[in-house]
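Chain IDs A, B, C and D follow the sequence of writing; residue 1 opens each chain.
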Amino acid sequence: MDSQPQESDITTGQKVNEDCAVIGFSGDGVYSSIIAGLRSLQHRGQESSGIITYDGKIHVKKGMGLVSEVFKNADPMPGIVGIGHNRYSTSGSKGIENAGPFVISCSLGYIGITHNGEITNEHELREELKHDGYIFTSSSDTEVMLIEFVKEISRYGINEGIKRGMERLKGAYAAVLMINDRLYAIRDKFGFRPLVLGRTFNGYIIASETCAIDALSGETIKNVEPGEVIEVFNNSYKTIFKLDGDVSHCMFEYVYFARPDSIIDNIEVFQARVRMGMRLAVESPVDADVVVPVPDSGRAQALGFSKATGIPYSEGLIKNRYSERTFIMPDQKSRLAAIKIKLNAIKSEISNKRIVLVDDSIVRGNTMKYIVKIVRDAGASEVHVRISSPPITAPCFYGVDMKTKNEFIAANKTIESIKNEIGADSLAYLSIDGLKQAIGIKSICISCLTGIYPEYVPLS
Amino acid sequence: MDSQPQESDITTGQKVNEDCAVIGFSGDGVYSSIIAGLRSLQHRGQESSGIITYDGKIHVKKGMGLVSEVFKNADPMPGIVGIGHNRYSTSGSKGIENAGPFVISCSLGYIGITHNGEITNEHELREELKHDGYIFTSSSDTEVMLIEFVKEISRYGINEGIKRGMERLKGAYAAVLMINDRLYAIRDKFGFRPLVLGRTFNGYIIASETCAIDALSGETIKNVEPGEVIEVFNNSYKTIFKLDGDVSHCMFEYVYFARPDSIIDNIEVFQARVRMGMRLAVESPVDADVVVPVPDSGRAQALGFSKATGIPYSEGLIKNRYSERTFIMPDQKSRLAAIKIKLNAIKSEISNKRIVLVDDSIVRGNTMKYIVKIVRDAGASEVHVRISSPPITAPCFYGVDMKTKNEFIAANKTIESIKNEIGADSLAYLSIDGLKQAIGIKSICISCLTGIYPEYVPLS
Amino acid sequence: MDSQPQESDITTGQKVNEDCAVIGFSGDGVYSSIIAGLRSLQHRGQESSGIITYDGKIHVKKGMGLVSEVFKNADPMPGIVGIGHNRYSTSGSKGIENAGPFVISCSLGYIGITHNGEITNEHELREELKHDGYIFTSSSDTEVMLIEFVKEISRYGINEGIKRGMERLKGAYAAVLMINDRLYAIRDKFGFRPLVLGRTFNGYIIASETCAIDALSGETIKNVEPGEVIEVFNNSYKTIFKLDGDVSHCMFEYVYFARPDSIIDNIEVFQARVRMGMRLAVESPVDADVVVPVPDSGRAQALGFSKATGIPYSEGLIKNRYSERTFIMPDQKSRLAAIKIKLNAIKSEISNKRIVLVDDSIVRGNTMKYIVKIVRDAGASEVHVRISSPPITAPCFYGVDMKTKNEFIAANKTIESIKNEIGADSLAYLSIDGLKQAIGIKSICISCLTGIYPEYVPLS
Amino acid sequence: MDSQPQESDITTGQKVNEDCAVIGFSGDGVYSSIIAGLRSLQHRGQESSGIITYDGKIHVKKGMGLVSEVFKNADPMPGIVGIGHNRYSTSGSKGIENAGPFVISCSLGYIGITHNGEITNEHELREELKHDGYIFTSSSDTEVMLIEFVKEISRYGINEGIKRGMERLKGAYAAVLMINDRLYAIRDKFGFRPLVLGRTFNGYIIASETCAIDALSGETIKNVEPGEVIEVFNNSYKTIFKLDGDVSHCMFEYVYFARPDSIIDNIEVFQARVRMGMRLAVESPVDADVVVPVPDSGRAQALGFSKATGIPYSEGLIKNRYSERTFIMPDQKSRLAAIKIKLNAIKSEISNKRIVLVDDSIVRGNTMKYIVKIVRDAGASEVHVRISSPPITAPCFYGVDMKTKNEFIAANKTIESIKNEIGADSLAYLSIDGLKQAIGIKSICISCLTGIYPEYVPLS
């Protein structure tokens, strides 16, 4: 991915296109298991981190920053079940009062929730719930989810209440609800965001990605299916129901979000990316000397491009491994300076060579312009940019923080003019069909490519 | 590199085998240039960071932590020249009073120093200087260097003083001395540690590695040669003298320390590593299906191994990009758990395959044992470990924090028994001759491989 | 006051017998006015501080520590109205989630509250509200008040809703409710805790004590009467109703809590304390050379004692003005050592003299024992302890953190045995009648002296 | 004292007229004894605090802030001797590198120093020492002292070296030198700043004031006499020499600096202040109803004024006990607002009365103007200001941070015009003769009153 993370990382201190991580754990070693899971899912959110555990009483700890910062000196939190959250906000303003997970006490006991996604009818539901007498302490859509579930469960019991809540909640959600000592894995009927159930030697884990299960040396039991709700309680699990619907898995998880070692809805992300690169090579071949990935986002795709074409793969760009942390340079004059601290060229691999530069996506295009310049400055004779996903032209309302059409370079410009703007000798994107084939799932959400949404989205 | 950084990162919060970064800058934009340089050299030290600038007065700021943490909210420091330091201690106890750079005021004005390396006769010099009436405020060998230079310069003037100081200082040092508004790049006559001179659009830079010059979009002028002292002053530079000696560049810079995009003593590190992998393939071939690097330390070497053998290269292990920061798990039971947060396997690339696992080096061996287990657990049918440097068997006294013979697995065990301990199907190291040929320099320091030292080392 | 504050200040880091401060402000300069008010009321709570302002949107800032610490570097919060709180917890566990003020959004808009006192039927109300479907995010009784008011106001409108809420809330409360841009000063019908309304040059202020109005150079308009609710809106104020009831002002405000310069329910605290000292002198005279207060709590009373007897007043004990901050000595062996850092004797004023040592109250008695020792060690020939309030023998349920009967020295011992325990030559307390006459109000709450409570208190 | 502390406390965050505290301890319980001593001497410096202990090795801890903040969570520092320092800078710029105590290692071992005062020939000595080859790491005059002593001791041995060092050091110093396990109490021959030797049940203590000895329940052995050096070693002490000279004790210690419970050069500070008030009453009587001190600085003096005149004493002004901590109001418009947070009137004691307002001194006069206004606003019919020290008209070079003549209101104005400026009905200062008689020592330093200095002071 060219795009914002790198830019905004440096220049504004904000990552704008990552969503959230959720974890639930039931068993022994709740606290350390959740910590390990959250650390393995740090890529899904770095703004804040929080854990809630239950052992008859409720224990809460949240803070701004990475898991390793928030839980640096923390005493273990006691608990027989717990939930955790890494956040990057996609709705609600920043601030610790909006950081997940959320928990309340009510007539049912303690109810907590951790959520990844975005509720598209959050505003309407909030007003309706206020009208019903419910009150809110934050601007987070997660609190709306929680209150909606509390309302329905109070009236209809847990199983029916969760079902009715899901029928009213529009949009994308992969969540873990904790009702006292019971956990409920909840995934919207479209299955926009991933959610899996696993087993470790000492308990059950629900997580956004399988890499969290691997981090605990556990084994994946199953995906939480779109529309499915699974209860984990008393050292066992069971599906309590499953809503029907048109499945629509977010393609961006495969393209960029998820960790390559995760298996999302039965597809290993790494292989999907390799296939994207292979497919891209078939669709838009180029005569060149070396295939170079933009690290770390284009590596698997570049390996695929190389494999499909026989053009040698090499690591021609080096990423500073300490640049994940955002930092605003004191008197930084140019964006180029900011990117140069993150990326540098291996001159021997690039000089006097025709380079195929492979990345996952382009959002705004600014970063790619400077990467092309770095490659050219290192002596490349030609620079051919290959993007292993189609152009993003429409906002996402399902949990990816891409909201304004104006920010997408591909929304307003032809590929030719983008090519010129980034200074490449050629530029090609993967086709939508190619993407679908590469991922290997037909029912994927491509709203950000087409502007056609599977469900209600708010006007704005 | 298998080894301590990864282990101790997690389990003890200490990195034990990284040395330091030095920067000097003279020109406009001193503060932001030094910050950018230090950030690009963060891999050489994460314990503390400091900057000293001079504009008639002296300005000092130091702190524990990464550059981005220490200089997070700092106002720009005014200056026409300045020096900076990232530290990982190789001598002296920890603590901010031992963090570089150092500066004093004396009859000559303000004299500051930033140093990478290790003074082997530090103890003798300190006692001698005390006997001469000099006083010390820290336990750092850098302070000893500084006082020694001050003493000689006071008596003999700058040029002669630096020369006499260098003749008395034993061991490894690549340093920048700041005498009021003049900078002096100083490199010991063996040239153990790297040091380069560059030019940016607005000034001169002296740095440990060329990647710092690249980060400023500057150009490398020349290496500071072993024994050479270069003065930077008044917008020009000149060599003021050069001591003769037997050159002895640290091989470990090429094997592990330096960034792959840096050019150290005219050798690009990345290509040296590719050649190590190629050479290793020739020396110790193996019949296998895929070459997998230990990320990020074995990547270039694995590419070379693949290139030399034709066995496909792939990224079969994924490194958590947020695991650079040290963190002690709250109730971590096993080392395996700690490593699993840092590394995970791409099962599709490993399952049912014969894997060549390539890394740069093995120091203690514990981490490699667990990596082999991760690869086996992912379904590898065979795991062949190939280490692209020879076995480390002796302590380093020249700036690498490997001091106790007992800590080296290869010091006490045969390759066969190491193979069994780490659980590999086969294990091979690069030969010393192979290493020399791969690096392409004959005069390299291989004391840690042979136990034979080019110069005085302290008994202990 | 001998007692816990001083002891526990040092030895446990906890102040146990202070209640809270509340502030509301409507007009220009909301933020700085609330800050100044909270700082002037810091004596009523040092555990946490918080401010909520409203300007169409809600702005919240809370933190643990003194006002000057929490709002150290804060940007001014915008607002046309706002409320503030200094907290020392009397119910609810510690932690930032229990720190006031509280605010929620609901169908009525934004509703915030800041509260001083203690709701005696908090547990029953919470369960009832949960049963009605309300949810809670903290263990604070303030949240119960807030939800109760929200519930009633939702049904009955603001004025009637507040009235019905007050009829259901048992116990002590002096509160400011903020409903969007309107403030409501609310005081329970007993008037346990103080609350006043004032006018500054740029707005209206509601505060726990008049000293906050003085800090803004404002003028006091009136007490908020027991059972009264005053609305402040649109640059005017009006009483919206007043509940009847038996007035019962907390005597401990006059004895210890309130600042001496405050006027509480028309009685200036300083003069009340002077009269306590005078009355004590009449009730329990003693032949002595000098009257010495325990600083700062016994000063006005000692002046009164001196005035009534003609025995000269002097400052024979000096208080370390930097000992307000709690601090646990690293390896403190004795309580005497802890107290010696807070208090020392002026030997010239004490040596060879018969001392009348005056303080406001004794709770546990440990501190007084050590003060008597300090006075004796300074050479006093006799030490006569005079306490200007009656013995405390019963728990308070109305906002003073004295809960367990066992902690009161006077609950279990005769005055003679207390005298022996503290090592005094004589000991006398003020009588209940004397206290009433000194304060000059008949309808005061003396439950902690008698164990008879004006209203429902929870069993335990 | 009207004056800067209060003003600058609030408005600039800087206290400008307090000097430093020094402590040395030899025996058991070094760390906790030094902590207790430093806390009892917190009034002499709040900018930074530091401790150095020796147990064969050296242990250092320093930090910005109060003792209770710097040593909040610190593990006890091991040691058989140690020295401590509270600092308010009188020379040298701020910053932790200038915070005391200082320690170096040299041929003699470890030498540390803690110092209260000001070296007037610091600049000349520094240059001379630099010329001799000595180096400096800070801008503190304490470091100059330390190096000077190191230089002389290296040549002449400890006793003779200290003597020669003292002969070269001009100005004011009360210091503790720690040479390995030996302590040396050192006081300049004028005895400007106080220094005492005491014994506790487990060791010897050297301290700025006797209140530190009292805090340890110790007994005062003797003053360190002007020019005297006392060695504490091996559980005994002895005077090693005593330089002759004209004694010149700082009168400001008695007037304002020292704690009232301390005994400075055999004079109890409290009684000296009472006598200042009595003498002032004789020199400048006034017909009035009540004598009111400015708390806490004018209390003893007001008691003396009352005693000499028979006019009743009362506490008509109340000081906010949480205002010691500096705090800049967010959008504070007037100085009056700042002072109102610190001081308020007891109206009943002031209204319709003729007030004698007593304070220790006036430096700039701004605060007194507002205090008079507060008293008038509380209804005083007349306000007569009585200052119990003579007008300050000249800078101090001996450790009090009053440097610029322009800052003294009395330097440029008649008493009549000061009276008008502060808005008093009458104003009187104590005479110089009266001050001397009240203190009871003839040989006091009154340079700030006369502009005549007992010794060399730097031009500026």
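As a convention for this text, contacts are C-beta pairs under 8 Å (C-beta built on N, C-alpha and C of every residue); 3 or more make two chains touch, one makes a residue touch a chain.
These figures come from a predicted structure and were not determined experimentally.
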item	value
Farthest chain (mean CA position) relative to chain D	A
Centre-of-Cα separation between chain D and chain B, whole angstrom	50
Between chain D and chain A, distance of the C-alpha-averaged centres to the nearest whole Å	61
Residue list for chain D, restricted to those that touch at least two other chains	none
Chains that touch, pairwise	A-B, A-C, B-D, C-D
Residues of chain B defined as touching chain D within the complex	60, 97, 103-107, 130-131, 133-137, 147, 150-151, 154
Chain B to chain A touching residues, read off their complex	29, 31-32, 35-36, 39-40, 42-43, 46, 66-69, 71-72, 74-76, 211, 214-217, 259-261, 263, 268, 270-271, 296, 299-300, 303, 307, 312-315, 318, 320-327, 329-332, 336-337, 340-341, 344-349, 377
